[in-house]
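Comments concern the structure below.
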């Protein structure tokens, strides 16, 4: 679809020139984080938005990616790129093995199981002090470098992280529009009918779960090398909840929406200093309000809202089984 | 000799926390049986029980019994409000939407608690003093006996209500067959509302009786909720003896594990049990003979 | 072994299928054969076990005992996705559409077994994938033409009126290019004009060489289009034969007790 390609190039172009407008200050650093959370949100969206499988444990894979990279590079002086590869592959294998029993569960049970999994991993991060440094964290993680360029400034990290983010967005958009994307959406709408049509639902769910985990681990690795110091609090289940909120805000199944959600939730604390006190309420309210009144998220809901405001048509209520 | 005394200690305190998990689990089962949804926010009502009691007793200087009563009342009201505003309008929606709504609800309640009471931990006074009681070499607090006693009353009351009262039997009928129930005149909408109200009350009660022992803060709901959920799962979501057994099993195993293996991993033990049950026997451990529902 | 109409090749052989759910015996040693190229109707009062039988044949349940043979192969216990690869497909009593996908996309999913692009090929938009996508889209469009749904191609499936939804489910099933299609109460909820259109569609399907088995309550439809009828009652096979034979069978009349 030519339209999709245009959208992508426009987005990438904007990302490339954005630093000119953002300036050299603190805000660039914020946008590095937006990039990382965009990657994480896209990963969750593939699993939740496309395949309809809820996971509240994404932070676990994020953390595993970060810690494996961090420990290998900081403690054992392994080459950072190699460490990243090891982290990503290891997490992929773990997710693939875990995926089979976990994805037999559905709905609330799956949510609880992934939440439990996430908390177990978080506890492991805290308790294995000898390896991870425990609650005090792990420092001294080296920056990434490529051909003489060391990624040790906000601007360089911006382009590094966004290179990955934009690539993942492209691959995800392609996947969503493909035969596989359709098969995943079919599983979401009616798993039994999908199976009748020949979709190997069990295997595909595990595959997308693993891919989602791999992408999250990649984000974790990038995070570790960008901030050079990591601690378990960055990988608690509240992060998983934030990611869920980002995906819901942007719209389930909308890849660009994930960017929107990540951007909004990362920028909010910057513009509202007291956001810290209200952040949990905002997440909770957002989840409820958007799910009830704008199930397609902002990406679909806002245009719909404008249309109904200016055309005086009633808002389409698409909650009954089709939204 | 020392070890066996320690083990007895662990088991007894494990039974105590296990009783709490059982009551929380009952709350999960009651809502599940009337709506087929898992109320993610259940744990937050446990938190509200303790926090509200503290608020009424410490900030408003009301007597402890009255504070407890008010706390349960307010928690029940919150539960009913949640059902009316967020659950009832969406009963025909995609199950995924309901999952997200209950997650949102739990976060919202926790957020409001954080706003009102901050992130500090608080201690609720014990109901009848803090003189430890020594039993066969193990030390128990009077509060533990309150827990055992109140839990027993709750379990018996639960059973009497759902098996021997008109309303209770109507609610069970709804959980077996909604359509048939509404055809014979049972108001299904009210049933759902009642089940949320009862679950919230139970959750709050659980939170109140354990608060003196374990300190309370705005985020205790998550862990307690998950562990109560584990109890409910072990019991096959039946809300009967299976759930009680489930709670006790989790409590005792957790306590033994923390004492004998490592205390840092204490919470992980319950969640590992949760995952194992969900992976291997999601229908619960007692399903064969346990045809008993709520 | 049941008497098979002379010369016909048994496409589907159901042999002594028994299914027990907890304490309930839903099916009790049911055996019959579906011959290639015929339309076989499976009828019976409510609770006779007809849908359960379909669910067993199409891999959604496993039988407690008994076997199912398809094109000579033992397919007992095969999961639905495997059966799709063997060109067997079914439709559901309460249509199972992919509600949030468009009509065209629904049929495109029907072509899942006719395509191969995996995750890598799709994510990287390899040339083979791109060609295949075009082919899938074209084929799906032609199936929509076949079913008369071409003008609704971009409608969200959940917004379709019920009758069109039924048609879509059938169009989607046809995309598998099945050797056999099992339809579970396809006429349920259709008015008489829609039912007559359905009858024509099913005959068209039979004429293209596809074997049809249908569970139905609409007796007029069954008697009109079926070549053979199997009657189930309370989990047993009650009778089997041509529409005329069934209409005159005493046991069948008694079982229905005055129903037409």
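Every chain is named by a letter (A, B and C) in the order it is written, and numbering of its residues begins at 1.
The criterion applied here is as follows: a residue touches a chain if its C-beta (ideal position, glycine included) is under 8 Å from a C-beta of that chain, and two chains touch if they have at least 3 such contacts.
Remember, it's a predicted structure, so these values are computed and weren't measured experimentally.
The chains that touch both chain B and chain C are A.
Set side by side, the interfaces A-B and A-C show unequal numbers of C-beta pairs in contact, with more at A-B.
Centroids of chain B and chain C (each the mean of its C-alpha atoms) stand 47 Å apart. Centre-to-centre separation of chain A and chain B, using mean CA positions: 32 Å.
Averaged C-alpha coordinates put the centre of chain A at 41 Å from the centre of chain C.
Looking at chain C, no residue sits in touch with two or more other chains. Contact with two or more other chains is made by residues 188, 321, 323 of chain A. Residues of chain A touching chain B in their complex: 48, 52, 54, 56, 101-102, 104-109, 111-113, 115-117, 119-120, 123-124, 126-127, 188, 237, 241, 244, 248, 277-288, 291-292, 295, 319-321, 323. Every residue of chain B that touches chain A in the complex is listed here, in rising order: 37-38, 40, 86, 89-90, 92-97, 99-112, 114-115, 222, 226, 229, 262, 264-265, 267-268, 271-272, 274-275, 278-279, 282.
Residues 171-172, 174-175, 178-183, 185-186, 188-190, 192-201, 207, 211, 321-323 of chain A touch chain C in their complex. Residue ranges of chain C in contact with chain A, taken from their complex: 58, 60, 79-81, 83-85, 89-90, 92, 96-101, 105, 108-110, 112-113, 115, 117-119, 122-125, 129, 132-133, 136, 156, 158-159, 172, 176.
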